[in-house]
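Shared between the two complexes below is subunit A, which pairs with subunit B and subunit C, respectively.
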Partner chain A sequence: MALPAYAGPLETTWYYTFRFLCGCIFLFLITPILVIIPLSFNVEPYFTFTSGMLSFDPDAYSLKWYEDFINNTQWTHSVKNSFIIAIFSTILATILGTLAALGLSKPHMPYRSLMMGVLISPMIVPLIISAAGMYFFYSNIGLSQTYLGIILAHTALGTPFVVITVTATLVGFNHSLTRASANLGANPTTTFFKVIMPLILPGVISGALFAFITSFDEVVVVLFLAGFDQRTIPRQMWSGIREQISPTILAVATILVMISIALLATLEVLRRRSERLRGMTPG
Partner chain B sequence: MSETADILVKFDSVQKSYDGETLVVKDFNLDVSKGEFVTMLGPSGSGKTTCLMMLAGFEPATHGEIYLDGVPINNVPPHKRGIGMVFQNYALFPHMTVAENLAFPLEVRGLGKSEIEDKVNKALDMVRLGGFGDRRPAQLSGGQQQRVAVSRALVFEPKLVLMDEPLGALDKNLREEMQYEIKHIHENLQVTMVYVTHDQSEALTMSDRIAVFDDGIVQQLAPPDELYEKPMNAFVAGFIGENNRLFGKVVSIDGKFCQVELEGGGGMVKALAVNIGGVGSRTTLSLRPERVTIGAAKGATENSLSATVQELIYLGDHIRSRVRLTGNSEFVVKVPNSHGHVHLKKGEVTQIGWEAEDCRALDA
Partner chain C sequence: MAEDTVQGGPVLAADGTPLKASLNKAMRKNRIRALLLVTPLFLFILFSFLIPIFDMTFRSVDNWQLVELMPKTTAALADWDGKAIPEEPVFAALVEDLKNGAKSREIGKVGTRLNYEKSGMRSMITGSARKAVKVKEGPYKPQVLKFHRYWDDLETWTVIKRNTAPYTIGYYLNAVDMKYDKQGDIVMQPENQQIYGKLFLRTFAISLGITIICVILAYPISYLLATLPIRYSNLLMIFVLLPFWTSLLVRTTAWIAMLQSQGVLNDLFVFFGLVDDANRLQLMHNLAGTVIAMTHILLPFMVLPLYSVMKTIPPSYMRAALSMGANPLVAFVRVYMPQTLSGIGAGSILVFILSIGYYITPALVGGTSGTLISNQIAYHMQSSLNWGLAGALGALLLASVLVLYMLYNKLVGIDNMRLG
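After this line comes the complex of A and B, so read on.
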C-alpha cells in the first residue's frame, strides 16, 4: 500500500505515524521472545545482560545451560512427557473434533448451536475453572496423576480448535460432492476418505496444529493433574523459576521457540504445496 | 410404450413433505419407459427437483413407492441404485483430475486398471474432451466442466441418468449447443434420461415427453407438440410458449365446442370445450399468437373481433403486434414478415380473427 501521489501533508503524516505505530506493536509483541535468545547464552546464572555480554566479550557467552538441559534427567524426562502427551491428545482431539464438525455441519442437525457451545466451552471457560473441575472429577475416577488423565484433559482443551477450523472449512464445502460420490456408487466410508477428507484436510491440519500447541504449552491443568512422573516442559519451567532460578529455562525456551517456528514453517510449506497440487490456487 | 416390461422407472402415488405439514409433492405418478427422455418442467418450488432427489435416493419419499426396473427402491441407499446423475453445479471433485473424476465410479466398482483407462478415454472422446484427462476441473471452462459431468454420469453405463438443471449456469449459445449434444448422446446410447428444468424451450427441444409441474402436482404429461398445441389447463397454456388469455363465461355447450361470452362486453366467441364446468361457469380462453389472423374480413374466420393496435415490435421474421380488445390490452398477434403482409400502424383499428378449433376453453 504505497502512498498515493495526491496525498496531502495530513495523509503523509498519518501514513508514517501509522507505520511507526505498527512497528511499535510488533516490537512489543516480539521483544520478550527475542530477548531470551541472547540471555540463554549467558555464562553467569543471571536473567539480565552482564556488562561482558553488552561489550560482546566471547567469554561472557557459553552453551552451559544447553548442556545442563541435555544432561539433566528431569528436563529430558519432561521433554519426553510433553511429546507423548501432546501427540496423543492431538490425535484424539483431531479425530473427535473432525467428526463433531462433520456432524454439526449436517443441514438438519437439531440443537446445533447448543452442541457447538458445549464443545467449544473449554476454550471460553477460564482455564483455572476447567482445571479445578477436572482435578476433582479425575481424582474421583482415578485418572489424576496418570498420563491418560492428562491426555484426556488436553484432548478436551484441543478439540474446540479442531471443531472451529474444520467447521470453517466445511462452510465452503459443496455438499453435492458427497451426493455425487454416493450417486457414483461409493459407500459412505469411501466417500469420506476419497472425497470429504482430502477437501477438508487444510482445516484438519491447522486444527491439529492448534491442538498440539495448546497441549504443548499448557501448564494450569498439568499443575492440577500431573504427578512428578508426568511433568511436562512448561511444568518443569514453572518449577525451574520457582525453585532453582536457573537460566536453563532460557535455553529450553529458545529451543521451544525454534521448534515452533520450524513447525509452522513446515506446515505452511506443506499446505501451499498440497493446495497447488489440487489446483485450488493458480500457479 | 406402456407395457409393464418396458417401464424402467415408476412413481406410484409418491408424496413428499419436508416438515410433516405441507406437501411439496402431492400424489406423483409417472411411468418412464426404457430409452425414453422425460423432462420434469415447472417453476421453482413446484416439486420437480424433489422428485428427482427421491429417485436418486437423496430424499426419502413420505408416502408411495418408487420402482426401478420393477424393484421397489425406497429402502435402497443412493450408492446402490446405480443411477447416473448430472448435478446443477456439476459437482466435479476439485481435488481430482478429469480422468480421476471419470475413473472414480469405475474404481469403486472394482474394475481393473486397464479397463478403467479404456472406458475413461472412450467417455472423454464421446464428449470431445480427449487429451483433457490430466486437467483439473478448475482449469476447464463451464461448458467443458459440464461435458465432464455428463460423461462421468455415463461412464459406468447406468440404465438411467438423471439431470438436475445441468445447463443453468451456461450462457445462451453454449446452452443450446449442449442441448443438442445431450440429445444426441441420448439417441446414440439409448439410455433412459430424466431431466429437470425450468426452461421450457430446453424441455421442448430435448424431450420425448414432458411432465409440467406446478404446486406439487403434474398438470399435464404429454409429448412437446401436444403440450404446446393441446394444453389441458390454463397453467400449462400459460407456462408453455406464448399465450393469449381471454376470460369469459360459458353460455352454451354444443358437442366439442362451446359459446363463451367475454368479460366486459366483448361479445360472443366460439371455442373448443376442453376443460370447462357446466353452462354459466367461468373459463379462460387460450389462444396462440401465431394462430390469430390480423386484418381479416369479418366472416372469413369463425371468430372475429375488432382491436386497436397498441404497439408494434419488429423482430425480423415476424412483427409482434400488441393489440387491445375489450377487456384485454395484452393481446399479442404475430404477423409473419412474408411477402405482402398486412402493414399496421399504431392506433389503427383492425379486425382480428381465429378459428374455433384454435381457441381452447380451459379452467378459470
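After this line comes the complex of A and C, so read on.
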C-alpha cells in the first residue's frame, strides 16, 4: 500500500501518522524482549540501566550473571530437567498426536467433532484447573513429584498442538497417493513411512516444536506436581522472581530468547518447505 | 454385471457377495481403522487429563467428612426434626464418634469442614473430642452441653444435620457469595464478605478490557502486515512472532524490568522530566501491571487471526468504493471493516478465553488489585487447603470457558485454528 501519486496533503499526513502508530505498536511488542538482553550484562545486581551502561563504559558490563548461571547447580539441574521432561513428552505427544490426526483425517471417522473436542480439551481448559485436577489425581496414584508424572502431564498439554498442525497438513493431502502405493504392492507400514510420512513431515515437526515449547515453557503444572528434584527452568525463574530477584534470571531469559529465535527460524524454513511441497509459491 | 441389473437381482461384487454388503463391510473396516488410530490418544487424554478434572470438580460437591468420620451421629440424626436440641441417643452417638475421631486423629477434618459453614466450629469439635475421651458413662447430654456453649445452640445442630448428607452445594454457595442463615435458608453473604462475585466480575472486566485493547492495537498492525508487499510484511511479522515464541516467564521478567519503580520506563519518564524522581509511577503490583503485561503477551493471539482474515480481502473492494465516491473513512468503515468482523470475533474470543484463566502473570506483577480468579483458586489449593471451594471456583471458571469455546467453535471451527 504505497502512497499513490495523487495523494493529497491529508492522505499524506494520515499515511505517515498511521505508519508511526504501527511503529509504536511494534515497538511495544519487541522492546521488553530486547531490553533484557543488555540488562543481563549489567555488572550491578539491578534490573535497570546504570549510568555506566548508558555511557558504554566497558566496566559497567560483565558476564558474571552468565557465570553464575553456569556454576549454580540449581540452575544447571533445572536445565537438565527441562530438557529431559520436554524431550520425552514431545516424543510421546508427537507419536500419539500424529496417529490420532491420521485417524481424524480419514473420511470415515465416526464422532469426529466429539473426538476432536476431547483431544483438543487440554488446550482449552485453563492451566490452573488442569494443574489442580492433576495434582489430586496424580498424588492419589503416586505420580506426583516424579518425572513420569510431569512427563505425562506435559504430554497431555502438548498433544492438541500436534493434532491441530498435523490435521492441517493432512487437509491438503492427496489420498489417491496411498491407494496408488497400495496398488503397487506396498503394505500399510511401508506406505506410511515411504509415502505419507515424508509429505506430512513439516506438519509433524512443527507440531513437535509446539509440544516441545509447551512443555519447556510450562510452569503452572510444574508448580503443583514437581518436587524440588524436578524443578524446571521456568519453575526456577518463578521462584527467582518471587524470592531472590537476581539478574541471573535476565541471563537465563536472554538465552531463552536466543532459543526462541532459533525455533522461529526453524519453523519459517519448515513453512516454506511445506508450501513448496504443496505447490504454492513460498511467501 | 449388466445382466444382473436387467434381471433385477442385487449387484454382486467380484467374490459373489452383494455389492452393498461388501461396501458396508469395507466402510466398517475403514471406520474401525480410523477409530483405532485415535483410540490411544483418546484413552491417554481421558486418563491423564479428563478424569483428573472430573475428580477435582467432584470435590466441589463431595461431603464425605461427617458421613465417614461421624457415622453414628449421622445415623442418629437421620430422623431428627430440627425443631429442638436432639435427645440423649444422638449425644451418645456423638460422644462415641468424637472418641473414635480423637483416637484416629481424624476429627480435625470434621472440624475444618464444619468451620467453613460456621466459624468457631473447628475449635468446638477438636476441644469436645479431647473432653469426650474422658467421659466414661451416660447420661451424655448434660456432659456434652458443658463441653462448649455451641452444643446448646440449635444452629450448630442444623449445620451438623445439613452436612450429614453425602453431597453438598455449600462450596458453590460460598463461591457465589451466598450462605445458609441460622434457620438453614440460603441468603447472600453480608456486603463486606462478598469476595468471589466481585472477583469473577473483576476477572471478566479485566479480560474484556485486555481484549478491547488487543483489538485496538492489533487492528492497525494486522492491516499494515496484510497490505504491505510480502517481503516487508514477513520481516515485520518477526515482531509479532518473536514475542509469541518467547517464554512466558521471560516476557513477565522483561515487564518487571520495564515497569518496576526503578525500571526502564520510570527511568525514561524521569529523564524526560515527565515524572519527578521522588514520585515515580507505581506501574507494577497493581491492575496496571497485569493489564500491560497481559496485553503484550496476548496481542499475537489477536494479530494472527486478524492478519489471516485481512489477507483474504481483495484490495479492489476498497478501490471500487473509493472510485464510486465514498470518502476513505466511509469506505473503510462500510466496506473493509465488515469483512474483518470474523477475524475480530475469532481473535477476541481466543484472547478472552486465555485471559480469564491466566495465572502466572497476574501472580507475579498483579499485586492485590491485579489478581484474577485463577490466583484465588491457587490460593485455596495451596495455602488455605479448602479444596472443595477451589473445586467449585474451578468448575465455575471451567463452565464459562467451555461456553466461550463453543462460541469460538461455532464462529471459527477448531479445525481452522491457526498456529504461528
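In the analysis below, the second predicted complex is superposed on the first by the 255 of 283 C-alpha atoms of A that agree within 3 Å, B and C clash if a C-alpha of one lies under 4 Å from a C-alpha of the other, contacts with A are read in each partner's own complex, and residues count from 1 in each chain.
Just so it is clear, contacts are C-beta pairs under 8 Å (C-beta built on N, C-alpha and C of every residue); 3 or more make two chains touch, one makes a residue touch a chain.
Worth saying up front: this structure is predicted, and the values here are computed from it rather than measured.
Chemist: Superposed on subunit A, are subunit B and subunit C clashing or fitting side by side?
Modeler: Verdict on subunit A: clash between subunit B and subunit C.
Chemist: Once chain A of both complexes is superposed, is A:L199 in touch with subunit B (first), subunit C (second), both, or neither?
Modeler: Only subunit B is touched by A:L199; subunit C is not.
Chemist: Could you let me know whether more residues of subunit A are touched by subunit B or by subunit C?
Modeler: The larger set of subunit A residues in touch belongs to C.
Chemist: Touching A:G172 in the superposition: subunit B (first), subunit C (second), both, neither?
Modeler: In the superposition, A:G172 contacts neither subunit B nor subunit C.
Chemist: Which partner does A:P4 contact after superposing on A: first (subunit B), second (subunit C), both, neither?
Modeler: In the superposition, A:P4 contacts neither subunit B nor subunit C.
Chemist: Contact-wise, after the overlay, does A:G185 reach subunit B, subunit C, both or neither (first, second, both, neither)?
Modeler: first
Chemist: If I apply the document's touch criterion, which positions on subunit A are contacted by subunit B in one structure and by subunit C in the other?
Modeler: Residues common to the subunit A contacts of subunit C and of subunit B do not exist here, since the sets are disjoint.
Chemist: Flag every residue of subunit B that touches subunit A in the complex, lowest number first.
Modeler: Touch residues, subunit B against subunit A: 56-58, 77-85, 87-89, 91-95, 104-105, 108-109, 136-139, 152, 156.
Chemist: What residues on subunit A touch subunit C, complex-wise?
Modeler: The touching residues are 1, 11, 18-19, 21-22, 25-26, 28-33, 35-36, 39, 46-49, 96-97, 99-100, 102-104, 106-110, 115-122, 124-130, 132-138, 152-153, 155-156, 159, 161, 163-165, 167-168, 171, 206, 210, 213, 216-217, 219-220, 224, 233-234, 237-238, 241-242, 249-250, 253, 256-257, 260-261, 263-264, 267, 283.
Chemist: Inside the complex, what are the residues of subunit C that reach subunit A?
Modeler: 27, 30-31, 33-38, 40-42, 44-46, 48-57, 59, 217, 220-221, 224, 227-228, 230, 234, 236, 238-243, 245-258, 260, 262-264, 267, 296, 299-300, 315, 328, 353, 356-360, 364, 374, 377-378, 381-382, 387, 390-391, 394, 397-398, 401-402, 405, 409, 414-415, 417, 419-420
Chemist: Over in the complex, which subunit A residues touch subunit B? Could you list them?
Modeler: By the definition above, subunit A touches subunit B via 174, 176-177, 179-188, 190-191, 194-195, 198-199, 278-280.
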